[in-house]
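The first chain written gets the first letter, and so on, giving A, B, C, D and E; residue counts start at 1 in each chain.
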Amino acid sequence: MKNIEQTGIFFYNSPELIPDSLDYTELATYAQGYKNVSKIWNYNDFPWNEENILKKIESYHLERLVIAGALPGSLKTLFSKAMAIAGKDPQDVILASFNAYGIYSKKDIERAKAILACAILDIPYEIAALPDEASVNPATLVIGGGIAGIQAALEIANGNNLVYLVEKTGTIGGKMATFDKTFPTLDCAACILTPKMVEVNQNTHIKLMSYCEVKEINGQAGNFSVKILKKARKVNVSTCIGCGTCSEKCPAQAPSEFDSGTTMRKAIYIPFPQAVPNKYLIDAESCIYIKNGKCKACIKACPVPDCINLDEKDQDVTIEVGNIIVATGYQPFDSKRMEQYGYGKYPNVLNSLEFERILNASGPTGGNIHFRSQDKKGNWIFNTESEKPERIAIIHCVGSRDKNYNKYCSRVCCMYSLKFSHLILDKLPEAEVFEYFIDMRSFGKGYEEFYERIKEEGVSIIRGKTAKVEQKNDKLLIRGEDILKAEIIENEVDMVILSVGLEPGEDTAKLSAMLGIPVSEGGWFEEANYNTDATGTFRGGIMLAGTCQGPKDIPDAVAQGSAAAARVIRNILRGKVNLDIDKIPLRAIEQRIKELSTIQ
Amino acid sequence: MPLDTITSKPKLKLAIYWGAACGGCCVSVLDTHEKLLDIVAAADPVFWPIAMDIKYKDVEDMPDQSIDLTLFNGAVRNSENKRMAQVLRKKSKILVAYGACAYMGGIPGLANFFTKEEIFRRAYEESESTLNPEKIRPVPEYEVPEGKLEIPVFFNDVLPLNKVVDVDYYIPGCPPQSERLIEVFTAIVTGAALPPKGSVVGALEKTNCDECKRKKTDNKKVKKFYRLWEIQDDKETCFLEQGVICMGPATRGGCGVRCVEGNSPCRGCYGPPAACSDPGAKMMSAIGTMIDADKPEEIDEIIESIVDPAGLFYRFSLPGSILGRKLS
Amino acid sequence: MEEPRIGVYVCWCGTNIAKMVDVEAVTTEVGKLPNVVLAKNYKYMCSDPGQELIIKDIKGHNLNRVIVAACSPRIHELTFRNAVEKAGINPYLFEMANIREQDSWVHTDRTEATTKAIDLVIAAVRRVLYHEPLEKRSVSVDPATLVIGGGISGMMASLEIANAGKKVYLIEKTDHLGGHVVKFDLTFPHLSSAKQMMRPILQRVENHPNIEVFLQTEIHEVTGYVGNFKTTLRNKDNEGTELKFGNIIAAVGLKPFDPSKIEEYGYGKFPDVITSMEFEDMLGTGKILTKYGKEPRNIAIIHCVGSRNKKYHEYCSRTCCMAALKFVHQIRAALPSTNIFEIYADMRAYGKGHEEFYAMTTHKQIMFLMYDQQERLPVIRQANRSDDCNMIIEMDEKLSGLPIEVPVDMVILMVNMEAHENVKDVVHAIGVSLCGNQFFIEKHPKLDPVATTTAGVYIVGTCQGPKDIPDSVAQARAAAARILATIEGGTVPVEVTTSFVNEKLCCGCQTCISVCPYSAISFNEIKKVSEVNEVLCKGCGTCGSACPTGAIKCKHFTDLQILSEIEGIMSMSY
Amino acid sequence: MSIRVNPELRNQLIQYGIGDWNACYHCGTCTAMCPLSEEGFLFPRKKIRLMQMGLEAQLESSVEPWLCYYCGDCTKTCPRDANPGELMMSLRRYLTSRYDWTGLSKKFYTSETWEIGFILFFAVMVVLSFLVILPSFGFRFTTELTAQGGVKVNSFAPIHIVEKFDWTMAIIVASLLISNILRMYYKIIWKSGQEKVSLFVHIREFWLLIFNFAVQPKFSKCDDKNYWISHWFLMSGYTIMFIVIVVYLPWFQTEKILPIYNLQRLLGYYATFGLLFGLLVAIIGRARREDVKFRFSHVSDWLFLFMLTSTVVTGILIHIFRINGMAYATYIAYIAHMAVLVPMILIEVPFSKWSHLAYRPFAVYFTQLKKYAIPR
Amino acid sequence: MNFRPTIVAFLCNWCAYTGADLAGTSRLKYAPNIRIIRIMCSGRIDPTFVLKAFQQGADGVLICGCHPGDCHYQEGNYKCLRRFKLLQKYIAQMGIEKERLQLEWISASEGKQFSELVNNMTKTMLTLGPSKIKSSLEVEYIK
């Protein structure tokens, strides 16, 4: 057993990390209560150099050091060095890292004390902080029907457990369904995703609730009562045969969400041909009847009696579940915010999701790349009649890695941009493609090989982010610096694709409040532990999956979907679920570490 | 039911003909010994060139379907063989390809490794005992003052019987075992239910290993293949496990494993089992599986020790195999 | 057998097929074949309406065999099999013709592509004539799980399963659990202590009543099949322990690349050129010192050592950039005035909080130098006596375009993660495949990243490809999810298309027995014939072609089916 | 030949401005956003790179920092906190100190004590001159007014002596500046080594110098035209005042009260207005710290603003007091005026921020020479 | 009409067939002369299949399996290699050019290699000219 007598505590606070700082005096007073604590210093008490620390170690006969604070790891090597010089074990420098446990504000002082106490008595916090357990309702709620949600739902349902899959839009499939191909294998996204979607539909253990939103969550882990808003679809899902007659006759149009606005859909529509459920729905905002009480063209056209009910109202449904998986995904960065690229101003500056639809055989141009051009009425639309671009530029890191927008890296853009290049050359072999990047982040399995391949295909891959895009006659002028050649780039191209980053879904803040899960700096849901529990949260029975926790690519989102499901299945098999970690009373933790510790 | 008890029935009309054959098949009929008398009692040979004098014209004059059973032995090598096969087909109710040559080409079928030209050159010009400075070759038709002389046209290929006419049954073997002939004959004479047309009769469904008394294990890994004279056969262990290629596993039973009993590996005269569409391919596949090496060079070296795979695996069956002959 | 009544469906796949293949022509041509009762084409056969169409026709036209000409059977064979099964036809009386991946997408001449499509569909028709109904089977699942590898992935997977109340056997080759991570000092980007992180995990694994740990144990052979595996473990004393388990998780990890292969860096020649793993060890001692016991004045960290270069490994090792940035923090804390050089190619800070960490690191007074990791690697040479440093790195700096030299006293090589040499033992024991980089191949790179093509065998962590801790842990849990679900379900389906010995034909030569990689064939001494254990059999068919008698039939890939397919495929050829 | 990187140059550079330029991850946005960056003379990124790598020789031979007029577009669009505009500013300070052979510039930039000490020293000297030296030569304060009711300035500060002093100071400053410009020429054109410029080109392109000095056309390329205008007013006001004071002092420093439309008064008013306008923009900007170019202020920036403003204000006061016949007020204002003006000219013009008025046009001229250079 | 060779290819499900699919998903173009037959493992390939393909008029036969050591069924590809070598010796004896029968290893990631292989083999077949196997058997004296 290690001697944990003579512990010295150093408080280290970097104000830029914790603005609403903890009360370190209170923490110091608390620490003083432990017998093995010899001395406590604050970070601004003395200069942090090795002589100084060495002196303290020697004069107070310290055997063990605890550095407590935000990011204490950034000092660890210094303290270890001092310990080593003093002839002590350099590993006896223990970190009490508040930020690693998600402690960011004053109100978390009790947890901070617990973490400090664990460090003082040399008991791992994870061992000491055991949340209470509750019995578990075997039903599970999965919020979000993208690939992560689908994966999680299927995993759980395959163990013969009931899953409610709540999806906000009219179909599951999420963003992945809109993609043309996936990198780096260039599998057709729909081809690999649609079987899963069909599987969800066919699995009797999954209750698919499309066009629904979570409105209220009550109860605690193991026994949540969730109020779900069932938005009026106005089409009876069980009787609709998906024939599409209604849609043909519907006179009202709106931009298609599925096609990222590159096409128009009717007011009564299915999001896309392979939608699951493959049933129509009515968008109340564009429906003429709902606006002025006249029309009913769809009802007249519908071959099934009473299938369409234009007067249907939203309903609330309450379900009881034991576990919740949040898989609400992301939304693309709004490129209009970067005025310098002229998105929304120049018709042929597209964002990546729009371009995915252009590339997609089921998109507005049947998978051919054409300009956005004006039709007779003067609307800017995509069709196959317009010319094809000959020079296309792809700009990386749009809205990412930029303090003016989002500081974080969106993780997928490099690769999907490379994929775009490949697909452009596949469809327009004569075209010239330019990629403007900062760092090429092709980190995954087979990604670097893909990057090499794209280079060989003759794409101009240029280091140097584009500074601005300007319309010059019919062309778009790219201005940037070619870093490696040290030249100004003034490149006239026909089309510009903005590789936009990922941002948390629009409902994240609302859900965060509802679920009681904090969001991190970028707005993503905060995981329980970055390393060991990226799918868990402080709330018992609530798990995260996919991009709502942070940008990630499909395999990583799928792995997380399954990982979140693992915890749910585990809870169901055990019949018990852990309650909230951050609600464990300090007294309970103190009690436990005292039991476990060798000294009192 | 023994043959002699059914003589009261009307006698069958029997024809036995030979194409490109050694005569062994005809001898196998005689090899029935005293049972031959029973055959004769039950059937009248109406056409049997080796045993009786009758002209082709007489056969041609017979009414169609008037022969109950024809045992056609020998392969089809020339226009005469082909013509007679066609005639007999017409005249016979049941036409049996009798013996390995009629069944799959047999030993004469090995001529398919050569072209007609090569064979003629060898036979009429190059063989050590030939003296033919004018390089005279046989010609099918030759005008002499007396008129036109004709000999049969020599085909480029040796063909199994079924390549020129429809065959009802096959009796394999080189020659077929006389006991098997008796069994088949008895069945026909007694009017037992005949198997579906095209069947191989007079042989077993299983292959030779089933009857073989040598000791077999699953240890069939070969580092080098030997020809029989290269090893000291222990007379007990499966030939394959000793590295000697034995066609037993891929050859129908029925012969009584005579060769192996005589401490010589099976050479495959009974042809492939029913499930195989090429006579040598299955054996080749099995032998390939036994090669005990992973590196390409080592594999090559082991294969080197299989001197003549085509001749080995298709000794009795080249014309009846999928490829049929060597390409020229 | 009833008269075959075949329905043929040709898919447009939007324009994917229809653009290059004249779908109408294919339909017409195939409609003429004998036994083909109807031939139709449709935009998306895989869509619900497409499947409905088949189901309706089967009932309406009394079809008993179905062909869909569409994408690769690897994608949708199962979809359609399920569809025909719904309509009451045995799913194995269905056949697919791949006219997209292997036709419309790879050819440029519409006539040729159409001809080829017709050939492929005819082949399918000819093949399906001989298809036989096969029965789906399932086996019960042993609730225990074998986890190979005691690194963080293996331990996290074990804990997840064990905490659900299920038995886990965790075997580890070395004498300790924790893998590479336990040797690390800090983790990025929160600079938490790796050892503190590992302590509770190790404690839980070691003390868990449901986890049995076997140290210094390797696995050589696993017999059995999904749900019912068996192995005999051999530890260093060669003592055997027999284990039975239902699922396997391979978490064997990777090992650091040996940089002595790269001449330019002089690893092994210069004592102060060390690998990142060696530096982690040095951090563990608390002192950053050169071999002469001095504090280095200049430290260079070279990224991508053995990575992103075709001469060594083409792939990116995914974690080294961040680890290198982590080192900066550690060096800066201990050595406030030492010069630090980061020699990198692309800064890959892609994870959550990574870019922010990178930005934070830039304020640590370091010099970033960019090099070309493919064309010209930096060269490390001994410094001259007049230099106030140990070694000099000469390199072409890309961002300035200048040839420069960097004075250094210590060089840390951020080494690539590569496969263990002896990984093939495990590979063969559990029946997974390796990719060109010797990583374990997952079932599907996108949608099934932890399963393998062998049922009941999962791969997690870095053996599937380099990854950082959270990504490894996510995979570990993902595999656990799959296993827990099968345990909960109680049974798993097994291979249907197995081999089968026709006793009437088998001569007992035993050629097949040693051919089987799964020891599924045994010899029945009484009947004197071979027999296939159809649970063990995975349907490769090697025995079928080894059998000299034709007694072994490979279900769904019989000689007859394949030969007819060959005939069919050649029937229209020019 | 490989160039040794010098991580320790950082420690020197830091003293000239904001601390950390490592934040730059080389996206190139700044260079591309900059309207003044042109082929062959790219900045700020390339210069930031040289700073990051501590390449002293390459930095010294850089002309680009002088081409930057700090519109701040680069800093505004910079995705990191690299602040390229301010880095260019810092680099100009560094370069100024590198051109200066006396070493004083470095001292002034890197040590507030030195700079303020020197200023104070000169200020004291000036005060002493007026209070002790000049009186000892018989020049007295007099409350006597001229006929027009103006203060008799010349009796207190005799124009011929002040003029001589003026010329002396001008010659010292000019020789320091010229020697530094020669050093600048040496570093940029001569020592950088790879190219040779013919004498003809030197002569042909000389007009650029004057043109650029007068109009600052480069500055006008910046997107923020207002700043150019305010700076131009400031610059033109300053130049007029400088010329008038140094060359035409006897004409300018009169005891006569000339009519308001007289050229002397018009020029004076214009210069005062120009200076005040320019200063006001700069002071408000720096105080509000909203505009990126004003966000980071080095001590030298504030000092300079303070001194120039003081000079202008005291100058105005002299004028007002003089024409209103407030003798003592005039004298005090005069002494105060000189006490800031002299150190400002002696320190700021050759050694500190004000030197850019010379370096900038020369930089444009040198840039042009480099364009016509033929590789050696 | 110009000679348009036909190549029958036997591809193992796990590597080669997937590789060929990858060529498709990657839109790598290759000659349309190939007709692919999927088998689970190259070890399933019976010489009969190859001979049958030749008999049916194939000008070339291509067998593709996983790279040595990568077989999904552990070593089916080695078994294939051994049989292939023997078969090649046989077909050489039968007067068939060795180039008409090829065995190549294609991994699931080698779409590009696969497309190149098909193009090269097609070229080889064009140089060799049409196979005579089918015509040699269709002699006029056969019934």
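Just so it is clear, a residue touches a chain if its C-beta (ideal position, glycine included) is under 8 Å from a C-beta of that chain, and two chains touch if they have at least 3 such contacts.
For clarity, every value in this text was computed on a predicted model and none was experimentally measured.
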item	value
Any chain in contact with subunit B as well as subunit E	C
Contact-graph distance - origin subunit A, target subunit E	1
Closest chain to global C-alpha mean, per-chain Cα centroids	C
Between B-C and A-D, the pair joined by more C-beta contacts	B-C
Chain of greatest Cα-centre distance to subunit E	D
Where subunit B and subunit C are represented by their mean Cα positions, the distance between them in whole Å	54
Subunit A-subunit C separation of Cα centroids, rounded to whole Å	25
Centre distance in Å when subunit C and subunit E are each reduced to the mean of their C-alpha atoms	27
For subunit E, residues contacting two or more additional chains	25, 27, 46, 48, 52, 75, 79, 83, 109
In subunit A, residues with contacts to at least two other chains	185, 187-188, 401, 439, 446, 449, 483, 486
Of all residues in subunit D, the ones touching two or more other chains	25-26, 46, 80-81
Full enumeration of touching chain pairs	A-C, A-D, A-E, B-C, B-E, C-D, C-E
Parts of subunit B lying in touch with subunit C, wherever the complex brings them together	205-210, 216-221, 238, 240, 248-250, 253, 272-277, 282-283, 285-286, 289-290
Subunit C residues touching subunit D - in the complex, by the definition given at the top	298, 339-341, 347, 358-359, 362-363, 365-370, 394, 397, 399-400, 402-407
Interface residues, subunit C side, partner subunit A - complex	13-16, 43-44, 46-49, 71, 75-76, 78-79, 82, 152, 156, 160-161, 163-166, 185-187, 189-193, 195-197, 199-201, 203-204, 283-288, 307-308, 310, 314-316, 318, 329-331, 333-334, 336, 346-356, 359, 398-399, 401, 439, 444-450, 464-465, 469-471, 473-482, 484-489
Contacting residues of subunit E [partner subunit C, same complex]	1, 4, 6, 8, 13-15, 17-18, 20-21, 23-25, 27-30, 32, 35-41, 43-46, 48-49, 52-53, 56-58, 66-67, 69-76, 79, 83, 107-109, 115
Subunit C residues touching subunit E - in the complex, by the definition given at the top	72-74, 98, 100-103, 105-109, 112-113, 115-116, 119-120, 123, 424, 428, 431, 433-436, 441, 453, 497, 515, 517-518, 538-542, 544-546, 554, 557, 559, 562-563, 565-567, 569-570, 573-574
